[in-house]
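Heads up, the next two complexes both have subunit A, just with different partners, subunit B and then subunit C.
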Partner chain A sequence: MIVVNYLAAGALFCIGLYVVLTRRNLIKLVMGLSVMEASTYVLLISMAYRRGSTAPVFVSPPAGRSVTSLTHGGVADPVLQNFCLTAIVIGVAATAVFLSVVVRIAQHYRSIDADDVRGMRG
Partner chain B sequence: MTDAGLGSLEPIAVAVPIAGAVAAPLLARLSRRLPLVVSVAAMVAATGVLALLCHRVYTGHLLVHYLGHVGPVDGHALGIAFAADPFGLTYALLTAALGTLLLLFTLSSMRELGSHELGGYACLFLLLLAGLIGSALTADLFDLFVWFEVSALASYGLTGFFLERPFAVEAAFKILVLTTIAGFGIFVGTGLIYSGHGALNLGQIHGAVTSDIRTADYVALAFLVAGFATKAGLIPFHGWLPDAHTAAPGPVSALFSGLMVNLGVFAIVRLTLQVYGSTGRPILGLVTVLGAASAVLGAVLALAQDDLKRLLAYDTVSQMGVLLVGFATRSASGVGGATYHLVNHALFKALLFLCAGSIVHATGKVKLSEMGGLARARPVTTVAFLVGAAAIAGVPPLNGYASVGLIHDALLHDHPVTYAVLLLAQIVTIAALARAAYLGFLRPREQAYDSMEKLHPGMWAAFAGLIGGCIGFGVLPDLVIRNVVAPATAWLTSDGSYAAAVLSRTGSLPPASVHFDYWSATELLTVAGTVAAGLLLAWWYIRHEEPRAVRGLRTLHNGSVNDYASYATVGAVATTTVLLIGHP
Partner chain C sequence: MTDELADTEPRHRPGLGWALAAAVGALFAIGLVNLPREAAPLSAVAHQALTVAQPHWHTTEPVNEVVYGTRGFDTFGETFLLLAAVVSVVVLARRREPRYGYIGEEVEGSRERRGVAQGSRSDSGERAARAAEGGEQETYDAARPDTPDHEPLGVVRHETAHAMTVVTRNAAKTAAPILAVAGIYLCAWGYTPGGGFPAGAVLLGVVLLLYAGFGYPAISRAVRPGVVEVIELAGAVLIIAAEVLGLVFKGAVSENWLPLAPLQTIRAGGVAQVFSASELIEVGTGLIIAVFTILGMRHDWAGDDA
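And then the complex of A and B:
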């Protein structure tokens, strides 16, 4: 059931967002954002799904399938899967930046509590 | 050259800065100044390439290029399209030219940095500029997301450039959290549109949502608008903006405020006017409300600041709101005025941030209450600051007069309430800048400053270029309107033309009729009235305690990243709700 996937994506997104909005620990906050990000991957991969389809690889199709049947829609949507790959790459880069900033914050403020890291306000 | 030949130049305008970004950190090993010299050269080259497109584009033609020549077949586009319409080209050219000036400024102002830092700085700066130029030229929704992320990643690095300062990493964390969430919104929105219609090309999406719009498309639009509104720093998505602008080096604040936040406005305009142009639902009303709220609240927050750069940052929030209100009128003079104001805002806000940056750099003071007497100590910077402030205030012959005047013209008869709100925002803005000019520059100061660094040639060049721009765009409004604003307005207000031209790879439109009466008594009296009211308000504000309402508003900006994310979430939920249940 693909609906389950959508529900799972929605639930993951909400859990991640809940963490971002309520946890003051910066590491947990970054983890919350990662969970939100993972939920977008689940959503997009699920949207790429087509009933009875196989992987979008046209070289040597699996038994019982011809290249023609694959090119006529018998594969999952490769564009959405590509989106995910791009987003995963961007996400990894962003997470790396995130964690290095948290390390710096920990060095400067001697704390990773968001409430201690608010020198700029007003 | 043929249109196809000119179109194929478009990717070069992005490729050159990216190549420069790769080369800069490597060249830093050879010489300390080489990375910035190469960056300036790369941006001059990009400006030159874009300038080649000007003649054709500003005579009303759209230049389309499909990367790898994978063009549309039967109206279905698989390849990534680059399309230069006058609006996009204006933003791209502005980015390239202003980027060059800011790099020149950096070249002479950041003398004390090591080669490693300068290499990284040049790399990130060029990547950000490349991302903005790419966003301006692309006609593909997913490509827009990628350029958004390129510029976002570069902006994180630039915000936290002074890694040894606690405030810089704090600001970097806030911009990271909010921009990452914005990125999710844009990503999911793009995915929803694609899975519904199998379309990413903006032209194709326009066709799909015009003929067959579904609930998912409204959700997608809401996510996209919320995401780009975060980039634009609109209230309530603005939590990151003042902190990032305060913590970054002067030229980077100028880049953020003059060019980067415009990306959000630019994308919202492209999506709401050129893609979702004819789909009903109160999207333009929503944008107007967001814009008007940002215009007023941003100005009020600016008035209350003691930190000079933070004051200018909140003023950016306010000006982005003004821009969006202008675009959302969808009338010739409103859209034209906003296009004009986008250029003007970049010029005067970059000028003001460079002034602020050079003062902070020279005196080590960031607070207005600790400054004063700068008119005597730094006369050139003072003149530059006053020119920038007067330009925002719309004092003729500077550039703000014509563009704000056009936006006001568009609102005066059809939207009197919005007009009144914008006038109020304008008065408060003038008050905020007048207060800054008085406290920082004109107020006498008891003790003298320690000896300060001189202005270097590159700083002179940047100041002169920006002041020249402010005056040039102010005294030649007819020229600008006829050659730049009118063609851009035509493509923005004529629904479907952009989409059709992108898919058929060619198209042309006659310029829209945008007219501004420079010597009209109404315009001149409006300016005189707002300036007088603004000065009075500034005078009153300096002499009185902070009003309770303003203090309450500032208390909401408590610096907590969780709270800023909550405000943005509330904004996104509200945006989605309005688009789902609202009826035109």
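And then the complex of A and C:
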């Protein structure tokens, strides 16, 4: 029933989206975006799962398996695990940029409420 | 939760937020239930990675083969996306004047200025002003709120790590070298899925552990822009060299051009190991720069209105 994981990932995304849509605290907006990012990790790792499979590692295979049999399948999808790694690194980088912008906004406006950040010059 | 700490922030148009989130959720649900399930066969690229990992790369970790071999060029691009993000953070957080380290120079500078002023002049008016300033400072410190959540924005504080107990400091001192060796060992022998990426995150964890336990002065000689930025760019140059030499020697970017050592030895992955070690440098220093730049920003509040 891996579809439950898929739906959990979708629900996690929607929780993050709700936070982004309804909150004005910039830190909470960044947290909402991070929750949305985290939902992609759940989805990718869940999609990598295969019934009865083991980790894609060719050292010390479980009882009844050999390294040769693992190379022909019976392991979780290594490509989707790689996508998850990529998503984590990009997520960290994006969050770092968002937080820098939030700190600069806080310094400039002395507020982290998005409603206060409306002043335009020029 | 007390009333003081209760979340009083208003939600804006919660009904509309729920409706939009529910609509997106419904669309996702339709798509997600039709995704391949746990009984689906592996994709062709996954089979390719499993097949070539041992004979072609001498690695026992197919995820590493995907990261640094089959999808090596994607990883190359992703690495420079990370570098672009780090550069963005540094540019956004730029100071008005060059600094030696990331944290604490404003506090030290103000102490020094007070010391210089004290040495230059010492009449009765000056002493009275200093006494008043000192009294004001004590009142200010005594008036600190009960919880850090109630600290006003922009208040400069001393490093709280100076107040860490001996238990915390010893725990940090014991755990840091073990974690550092474990992270680098797993990366060096190619036993981590992703190699340098998780090992770089471990490196950041070690530095943050030392920072939390001992404060910035304990790590300031190593963790400063003049050191970590140079190391990060050296990691980027290594990655470019490893990839471009594949094109020069073998006619394809990400192709292995190094002799392969036996399985489960440090040089088993050939150029994948070089790429992985370079990623360790790149990701570790990149994350350190991003985190400490953001931590340092809170100490640099003055002057925006000038």
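Quick note on the criterion: the second predicted complex is superposed on the first by the 119 of 122 C-alpha atoms of A that agree within 3 Å, B and C clash if a C-alpha of one lies under 4 Å from a C-alpha of the other, contacts with A are read in each partner's own complex, and residues count from 1 in each chain.
In this section, a contact is a pair of C-beta atoms (placed from the backbone, for glycine too) under 8 Å apart; a residue touches a chain by one contact, two chains touch by 3 or more.
Quantities reported herein were computed from a predicted structural model and do not represent experimental measurements.
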Under the stated touch criterion, which partner chain does A:I112 make contact with: subunit B (first), subunit C (second), both, or neither? second
Who contacts more of subunit A, subunit B or subunit C? C
Please work out whether A:Y18 is in contact with subunit B alone, subunit C alone, both, or neither, and reply first, second, both or neither. second
Tell me the contact category for A:A38 with respect to subunit B and subunit C: first, second, both or neither. neither
Examine A:V59 and indicate which partner it touches, taking first as subunit B and second as subunit C; both and neither are also allowed. second
Considering only touches as defined above, state whether A:Q81 meets subunit B (first), subunit C (second), both or neither. second
First (subunit B), second (subunit C), both or neither touched by A:L29: first
Using the superposition on chain A as set up above, list the residues of subunit A that contact both subunit B and subunit C. 17, 21-24, 43, 47, 77, 79-80, 86, 90, 93-94, 97, 101, 104, 108
Residue ranges of subunit A touching subunit C (in the complex, touch as defined): 2-3, 6-7, 9-11, 13-15, 17-18, 21-25, 28, 43, 47, 49-51, 56-59, 67, 70-73, 75, 77-82, 85-86, 88-90, 92-94, 96-97, 99-101, 103-104, 106-108, 110-112
Which residues of subunit C touch subunit A in the complex? 9-14, 16-18, 20-22, 24-25, 28-29, 32-33, 35-43, 45-47, 49-51, 53-54, 60-63, 65-67, 70-71, 74-75, 78, 81-82, 85-86, 88-89, 92-93, 153-154, 191, 193-194, 197-198, 264, 283, 286-287, 290-291, 293-294, 297-298, 300-301, 304
Taking the complex as given, what residues does subunit A use to touch subunit B? 17, 20-24, 26, 29, 33, 36-37, 40, 43-44, 47-48, 77, 79-80, 83, 86-87, 90, 93-94, 97-98, 101-102, 104-105, 108-109, 114-115, 117-122
List the residues on subunit B that touch subunit A in their complex, please. 142, 146, 149, 153, 156-157, 160, 163, 166-167, 169-173, 176-177, 180-181, 183-184, 187-188, 190-192, 194-195, 200, 242-243, 246-247, 304-305, 310, 554-555, 557-562, 565-566, 569
